[in-house]
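We just call them A, B, C and D in the order they show up, numbering each chain from 1.
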């Protein structure tokens, strides 16, 4: 594997996952060797390569996308660089893992999905929360019919890292680079989960807010923010269910609170990243005098947690999500089948965001335009 | 005091409040005598009168609205009977307490507010959650600037009492009687709190769902439901803040979960009826290494809880909210000043619901039409 | 009914209960008239009588224990006055309700229990938490065998009202008046619950702490505290189960946190007064992949909550516990059968405290000496 | 580094920590190479070595304790094998990391501590929870005086993994191998935290329970259990503070709930492994109208969490505790100073358990006999 943009925080997390996946999942997975790390400047690339366990460093990402000794290209650059690298990697027949969101706009995401599909390689987009045990258990309950008919999805992602008015301006506050603000950065995760649990989004109504119109530039002066600090979405799913997603990166008091609930006509599930190793489950089938949300603590008897510790309650952390995710990718490569979430999933999320941004502008409901991927289309749910 | 429609559940709660308010609040309040209880059938009215401590029973509400020995008329009938009784009471110079929502439509509510204002008497609408200590504390923090500028109100009211498909059809499922479904029944409470904490609503976007289109009639057969089981609202407040309200009476697992959060640029508050004696408070002014939501347990050192038990943590219950509310009403009568929430507040909520229903139909944003109450207008916030 | 010591906080709560019990429980209960309130000074007695709804006031408690127009004597004085009044009332054939703990020592409590039993009247001790719906549900699950064999009871009562070093010295800090400190004041409640759920205590090990040896006198100067601020108890129940009780009235951050857990070999229950309207229930019989504590919200489908509001989740408060408790007493009077908890229960708790105090002194295990009440003994569990 | 007993669950966790510590902590730490893994059978040792990233496998632990190419010996065998290996390693001048508890009895632990001290190498005992950020923050608050004088430590460790009567008999249920049951296995962790936060234990009172006297042997038949399923300890600390520790591995519903509270006269802290990334903090210095436990979410601004992710709230998991712990060990080796917790700490815990077991037998308080380690003694707190 080679990694592009690997000198930062995400590079570290991905590197750890490559280093730990075999100890956790055992010998059934393909052996992973951390071959080459690219970043824009060679100095930091070299430091990071040494620290994160990569054999070599480079400042040219083509040394990775086009290298003979690389099978898997991992892209953790800023959003607007994803497309060129991913497409180049795909054209050179590589498997590709790309951080989320795929691209700042759906057109670009579609090009990436087409290229990846055409390449015949395995592709995965880094919606890492989908790999989390609680999400898999929620989905299992839904598929088993334990909630009855799923009526409503209520999702959110709240944080307060952008609340500080002294937080310097960066590419995350620029629409031309990031595509969207909180909606793209954290909202895309929730939208991926919404699709994972409920199916595709048919129609969307959006409303965005920017609480702080200017932020200080690191180099002095101020810059105008043209992305959302918070967005509310109302959703209609293709199957007839309804939902909402609320995201806000200026919500005082919140720290990485991704959460969701699915309400069915026979039960419900609730999840919050504040208690990531728990899933709440309510069943109308329980006896009337002892009905209540069950706090299910994830452990070895649950799918996706079972590869970890043999004792329930020890608890997984954020880094473990990447190991699970990488194990999925390696399994897909081994079995020559699509990984989930694949680039098609990344595109679908981009299309919902595209519709949401249009809805914000038009102040009305907008149908999600789902592009036909032809043979490239993969049912990866 | 006389009560109309008092043979039911709400009659019981109001009766208890009249019986307990003096023991809780002391001699400063006007003395309340439970004089007469009216209900549509004299038998149940007599049983209820005896049980709930009323001197007499009647099956004619005019025996209350027009009686010389009654100063205060308390109306706890189904929604569509409120107006006629309240207006009659006002015309006969009575003080009026009317359960929420004032009326099924804003026109009727406006007529009630005009009549009440013209009467010179004190009028109060039964948004009883506004009287709760946690709400008063939240408001106090906001007014003191402890949240900074209030940016966003996030409210909800979830329950699952209507989830059961065997729950028989009743007036609550008829638009012509109830005005709206979950939006009117439980949503009106949240909208009152939204106004209490944030000010008036300028504009609204609504989306409603009916999960169960038919319900069994008690007498056999089925009837069509034409109100909402759930509604999502996006709000714009006059002061520039934004907000959302979500209500659902078919949310599996929830039992009376009214909740809200207010996010400011320097702090936030959170409340849920699941922990009614607590308010969560987050302050950006706390030291960085020990910042976190404070779980403030309501007790004698907090406004509105201070009349109760001298030891913190003993806890108030739903019935106590009515005692607080009645103490407000009696204080207003004693001091010859408006009560809060008054009929003007009830009207404002009705107007938001009116706009919300229009928005649901038109699938777009709708401005709230706020009627001019002229001299009748009271700033009761 | 007549009440002795009724001018204080407890007098208020008991008065409210007499005023509300009929509205809640209906006509099946005997009619209660608040006839006469006694307190040591006639002025406050008169004020309280007027405020709390009593027809008359007196400064001589014998006007209550010996009055022909009084059937039920309610005693809410400081602990060391309970015995004389209760015994006098019993001798005059009255039903007696006495606040907890019955007395500062077990000998006195035994005399009270003997007198009450000899009188033929109904007697109840004010362990009001036993009347709470969650406790009744816990007991129901145990009796139904849903926990399997009950192995362990873990109880506590934590508060911080005595943490403040400026809190003035009072009778609660004097062993000769109060009998014990936190152990008697709040620990007696937990011990009553322990017996209610698990049966009698056979043997006890105690350890006490006094964190603040002196407190300021209201009149100036300081006084020596000779009771416990905190006590840890280990328990052995007659049936073979084990348990512990921890109490502390100087536990920074706690406000009225009475709580317990019962662990069986097939399940468990947990309760905390911080969420008084919930009982947590864990069943080993649940499916392995969805096992977890169920948060059961108390409502109309649960014993003892069913007389209240028809909608689950509205929630009861501290005052409601007194109404439930009084309804038990009145039902017992009506049906001419013992009330629970009766004076025999009060004695049993006093005996456990007696043994605990001996254990604290001797620093070893002490058998609980259970006095034979002869025919007076009542199985009131 | 070489690892002994590394083919099991703990071997996996330690291996992952060696693999990730550099990526997390950077280049300041000594480089770690996973050289050799020993286990009793060569087959599993080879499989584990390959899977967990070790260069070689062996079935003779002396190939590790006496190898020239090994500086650090990591011991993750069953408890009764710790001593021989650790002492051999120390005698050969190795640094030693030994899993907890050091030994089944205090005598053996003392011999290990003496040997380790004499060796001049760095030694660490695997009380891994001490390395957790919340514990470090609790200690920081205590040292800063934010709780005032620490009065009471309340610790517990509850689990239900031994509740199942079908769980086969193993060495954990044999006193001669394990030393103690729940008290040794999970209680030792809590006792280490008690010492970390409060100082040494002077005196102890213990009471143990065995709920299930026999368990099925894997090979058929049943075997007698002679260790505790649950133990209650009351503690007296040398500084005058008091405390309690409760452990139970048959507590229905619990999954790895290690928790503690420290109550001071000016504030308190609470922790539970159910929310491992949070510390609750209560300060009497907060304003009276907004005082309450603060839920502090651990993140980059907190000691020991700061090496991880830059965004608060992402959350650490169990495996991360091992990385933190190993970083401590490597730092100590680099700086040639003692690691914490060292073998002296492991001995102190063994001495408390020794006293506790004596107390259980004698049913009374027992002074903790603290052995003099002479120059070997290290203040590693």
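Throughout what follows, a contact is a pair of C-beta atoms (placed from the backbone, for glycine too) under 8 Å apart; a residue touches a chain by one contact, two chains touch by 3 or more.
Computed from a predicted model, the values in this text were never measured in an experiment.
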{"item": "B-D or C-D, whichever has more C-beta pairs in contact", "value": "C-D"}
{"item": "Pair in B-C, B-D or A-D that repeats A-C, with over half of contact pairs matching by residue number", "value": "B-D"}
{"item": "Chain of greatest Cα-centre distance to chain C", "value": "A"}
{"item": "Distance between chain centroids, defined by C-alpha means - chain A, chain D (Å)", "value": "36"}
{"item": "Whole-Å separation of chain centres (CA-atom averages), chain C against chain D", "value": "41"}
{"item": "Whole-Å separation of chain centres (CA-atom averages), chain B against chain D", "value": "54"}
{"item": "In chain B, residues with contacts to at least two other chains", "value": "292-293, 297"}
{"item": "Of all residues in chain B, those that touch chain D in their complex", "value": "137, 140-141, 146, 278, 281, 283, 286, 288-297, 301-302"}
{"item": "Complex interface listing, chain C residues touching chain D", "value": "147, 151-152, 154, 163, 165, 205, 207, 209, 211, 230, 232, 234, 242, 244, 246, 248, 250-253, 263-268, 270, 280, 282, 284, 292-293, 363-365"}
{"item": "Residues of chain C defined as touching chain B within the complex", "value": "9, 12-13, 15-16, 19-20, 22-24, 26-27, 47, 50-53, 159, 161, 254-257, 273-276, 297, 299, 309-320"}
